[in-house]
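Some structures to go through are shown next.
What follows is chain A paired twice: with chain B in the first complex and chain C in the second.
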Partner chain A sequence: MTDSVVNASPGLSPRPAKSGRKKKPVLTPLEREGKKLGLYMTLPAQLLLLFIVAFPLCMQVYVSLTWWTPLDGTKWYDAYESLNWFGNYGDIFDDSKFWGSLARTFLIVVVVVPAEFMLGLGLAMLFADKFPGKRVFYSIMLMPMMIVPAVAGYMFFMLFQSSGPINDILSAITGTRIDMVWLADRDLAMVSVMIADIWQWTPLMFLILLAGMVGVPEDQMKAATLLGANAWHRFWRIVLPRMKTVMIIALVIRTVECFKIFDILYVMTGGGPGVATKSISVYILDLTFKDLEWSYVAAIGLFILFFLSLIALVGIYYMQAAQKKAEA
Partner chain B sequence: MASIEMTGLTKNFGELTAVNDLNLKIRDKEFVALLGPSGCGKTTTMNMIAGIEMPSAGSILFDGRDMRTTPANKRDVGFVFQNYAIFTHMTVRKNLEFGLRVRGVEKSEIQRRVQNMADLMRLNDRLDWRTAKLSVNELQKVAIGRSAVTEPEIFLLDEPLSNLDAAFRAFMRTELKHLQHEFQQTMVYVTHDQIEAMSLADRIAVMDLGLLQQYGTPNEVYNKPRNIFVANFMGSPSMNLLPCRLTGGDGAWGLDFGNAGTSAIEDGELARRCKSAAAAEIVFGMRPEDIDIQPSEVGHPGLNMEVTFVEPIGPRTVIHLAAGDHQVKVAKDKQYPIEIGATVKAAFPKGRCHIFDAESGVAIGLE
Partner chain C sequence: MPKPIHSYIWRYALILVAVGLALLPVAWMATMAFKPHTEWATSAADLHWWPHEETWANFEFIFTGQTDAVNITHERTAGKPILASLVTALLGTLIAVVAGTFGAYAVSRFKVGANLPIGVLQLRLFPPMAVMIPVMIMWVFIGAMDTWWGLSLIYGIVTLPFAFWLMKTFFDEVPREIEEAALVEGCSWFRVFWKVTLPMVKAAIASTALFVFILNWSDYVIALLLTRKDWVTIPVYMNSLSNVMSGQMYGAKAALGLIAALPPVVFGIAIQKYLVRGLTFGALKQ
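So, the complex of A and B:
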């Protein structure tokens, strides 16, 4: 008690420099005992976590370094017998099918994610204000997200049939009979898949962005209005800077998720016509169950994991920068 | 030039009527305080002037121009919020610049005006600080400066001093008065603190339950309260209000305080006002500082009461008196010589007594 009082008053005793090395806190025997007990208590959970997360990853790394395939009866732990080091990874670079799928997946991401973002943002702005029937519309808005993707894919599969409702609606609007073969045309199939994904995942974007928008203090909006700001100024100078973090979160989540696009696409086109809509997930599926190239799949999986981690890292970096700026 | 004229202004929130048929004229460059307890409709009135709330009925004119169709961002009204509503994601400078930037003012002009405002508000060394690091007192200055920098002709302040510490509040009170003088603005000031209202305002509009109770200079509101609410709300300690019966008739009015005794009315002015009384049941009011304490045997009109309690509150002594069912507080100089248990006469002050109708609460015979 007295010590701290003396230390607190400068001049009486030299205070340790602020930037000085942190001293390891001295623990009492009881505290040391407690720390040990804590370790024992959490050990089972830590081991379990290790098994769930670390083991599959390690196994994947291991297998990806071999030619292993279970077809010849080799156990996975004996995979080292066909060790080839980075052979699989080398193959990736020569695999034009892989790069094709990756490019198509990219195309989907760069079209779909911005579209979902803009739509979600627009909707969030609408829903940030009050209007009659808001609750009902809100529920309706969120519904697509809750539908099983495969079911949503089937819905769009039916909608986009050449004898399906989309063509009928377009015909009714334009006044001339339109018979587009949506899912059989290389380009239209891609467009259809994109529309379906946008339909299903805009609500998630909307939900995250709305949460961010509601977090903008109302009194600051009022203050801005009274200082002469119109809706555009308020959005640009108050809402947007405050939503930066949330926007980055939404974009990263959707980018990573969209990269893994599978169910809705697979049900609608199966990756076709030809390979027109074959995404990286569909390609991996083919490799796994048609070509049975399991070690190669493991290598591709790691390659993509690395890639997505990079995207997430960039997002996290910007998010932290934005947060630091807000707190500084 | 900016006068504000409110006519029949009404605001309903569902069942609740927050402001009821308010008629108020605020002259150009006038400092008006809207005073009342919380929930009296003063903030709602302010919001309607600013355009944040739309009136359910009635009109607001700025210099004779109807503001009904003018949105809040076009009214050119400075507004200081109770919690300041500072843009926390910006620096102090950005906060001060905001109003000018959205108006598209030239860069060099913005810089000049922000610099002037920072000098005036003594925020110079804080300009590039994040607002999160500011003290409440500094936030207050940013809030006022941010609005003042756009030089609005009407300035609205919603309880701006209520969050400040006592010393800074007193400082800001004088500062605000200076600022108003400097900017030559029409100021409307919402407060529940009657001392703030009295010290700052040219005129005070006392409100309660959405109704305007009285509108006048601090002097009028304090000395000639129009009803019991105003009489009770203004002043601390508040006015002594004693229910009693009016007895006698023209020339010989008396007051019957029941078990506390009776007293004649010798005050000519009060006797004149008694004539207007509609019923015998009235409420008799005296400000604590107006009451004279005299020995009980003196024949002056008043009540003989017992001293029950003496409160020495710094500059003053508050003496509590009681007789029958009535209690009276008297405010006297500090260290006033008096003993608990003594019987004294609370002598009615001449020309400073108030009478109100017991039923309606309205002051009787006030011209």
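So, the complex of A and C:
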């Protein structure tokens, strides 16, 4: 909005005027002061990043190349004594438990994220126009995602007890007594976890998609209506194309977050029964605390990090595109 | 164009169903928190929603470790975990908002620190579980394990992306003419930031702080990994309740869950306007 104004007064513009590629831009004293202050101001954030990203990442690479565990008595910086280069990475490929939990995590993601997306989209369509009571209903609809995830997990733990209210409600609906053991059955436990996650995170989809839907200009919709387009056409031809970026952002955010699924799942089932709901996060937690194979965990972490970064790059690309569009 | 009445009926019917589903689990926990332990219902036959005899015994139990109704005592009360959650979430919020505000202003105005926007974003995209090993080694090394400052520090760092991006969108919106006028008057950049810009974004900082507080308060994984006994937060403590006892402490845990759930819901509704912006790192605005 105000960018043009800033550029009109070059002396104050934070961006040095571009005149020739190679030539170093001449900064006014004020600009130089600004740059210097800027560097000081980014210092806290830079230090935190260095402290928690750069340094630990190097450490993780280092440890992942050894057999080091906290049990063997050597300090972590002496881990080179048990250097094994890529042994841990080789182990990943033979680790059927790892691939199993990865597959379960993917299963959760491919079921839960589209379900949340469709439900969120449907809800957003219901809330697109004004109607009496909208604000109150809107606030209630957002509530699930504000509940502490671990607490939400406990809520569903109580609901899904075999003598709990879910069976009660199902019995009331079907008329016969239903006694499903939700959390102790291999398949039903997975379903329960998915339902809990959908309950908690559909509101996020709803919130983002509704924000994207509101951006569609009303006069376009009116014109289309006058030209005889029905609701389905209006949605398919006008709303949907305009929402593409928003939808991708929503999907990427949820996919990345869902891949980390832990809190709800761990509180509800602890990964059980057996390994039926063991997601990758639960598997890593077990390796960390039960087996104490920290160097192997470091290798797995880097392995996952690599693939997640690829997905994340797509997300960052679209987010920056959206930001540019918003600024223009 | 007037809409036919039946479209309204359909819409309200669907919305009511959705609202009902959203409320159902919360309602069960909220009523459970006030049920005496005889009504915690282990058999399907006497399952009921509203407590027959409302009681505060569950809250009494989690805070004092004992109550007349239940003949178990518990030496670890909920007081310390609630304090731990509060202290670490607040300090973490302080770190994130201060570092985020300064950093965001610098990036927004002076275009320095080009690595920051993406750097902090990456921080968010990584699953904490995958990168916690070196952090745990480090935390043991510097003696930050199971301390209030160790947990606060990591909270400040993991929520920095949200604080940074939210504040950046707010700073981008501040009209620069006002700052420029002050600069022409001869103010230094820092004075302009401190005396002119910061007062203008006061409300934005408050919203950012609430948003970040919700995230810190909601954490479970990090506290699980980096605390042992002294500074466990509410979710970790809550989950340990059932391990200690024989069987499930439904009512007591529900009461604790209710206490844990309240602040984020209240704050979240207060900053509704900025939720989209915060959750999409400023890519979308409402």
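List of remarks:
FYI, the second predicted complex is superposed on the first by the 265 of 328 C-alpha atoms of A that agree within 3 Å, B and C clash if a C-alpha of one lies under 4 Å from a C-alpha of the other, contacts with A are read in each partner's own complex, and residues count from 1 in each chain.
The definition used in the following text is that a residue touches a chain if its C-beta (ideal position, glycine included) is under 8 Å from a C-beta of that chain, and two chains touch if they have at least 3 such contacts.
All values derive from a computational prediction rather than experimental measurement.
When both complexes are overlaid on chain A, the residue A:301 reaches chain C alone and has no touch with chain B. Touch criterion not met for A:118: it reaches neither chain B nor chain C.
By the touch criterion stated above, A:310 is placed in contact with neither chain B nor chain C. Contact with chain B, but none with chain C, is seen for A:224 once the two complexes are overlaid on the shared chain. Residue contacts after overlaying the shared chain place A:30 against chain C, while chain B stays out of touching range. By the document's definition of touching, neither partner reaches A:103: not chain B, not chain C. The larger set of touched chain A residues comes from C, when the choice is between chain B and chain C. On chain A, the patch touched by chain B and the patch touched by chain C overlap at residues 225, 326-327. Chain A makes touch with chain C in their complex at residues 1-2, 5-6, 9, 12, 14-15, 30, 33-35, 37-46, 48-49, 51-53, 55-57, 59-60, 63, 70, 76, 123, 126-127, 131, 137-144, 146-152, 154-156, 158-159, 162-165, 167-168, 171, 177, 179, 199, 203-204, 207-208, 211-212, 214, 225, 246, 249, 253, 256, 259-260, 262-263, 266-267, 280-281, 284-285, 288, 294, 297-298, 300-302, 304-305, 308-309, 312, 315-316, 318-320, 322-323, 326-327.
For chain A in complex with chain B, the residues that touch the partner chain are 217, 219-220, 222-230, 233, 237-238, 241-242, 326-328. Per the touch definition, chain B reaches chain A in the complex via residues 50-52, 72-79, 81, 83, 85-90, 98-99, 101-103, 130, 132, 146-147, 150.
The touching residues of chain C, when paired with chain A in their complex, are 1, 8, 11-12, 14-15, 18-19, 21-26, 28-29, 32, 41-44, 47, 49, 95, 98-100, 102-103, 105-107, 109-113, 116, 118-123, 125-138, 141, 154, 156-157, 160, 164, 172-173, 175-177, 180, 183, 188-190, 193, 214, 217-218, 220-221, 224-225, 234-235, 238-239, 250, 253-254, 257, 260-261, 264-265, 267-269, 272, 275-276, 279-286.
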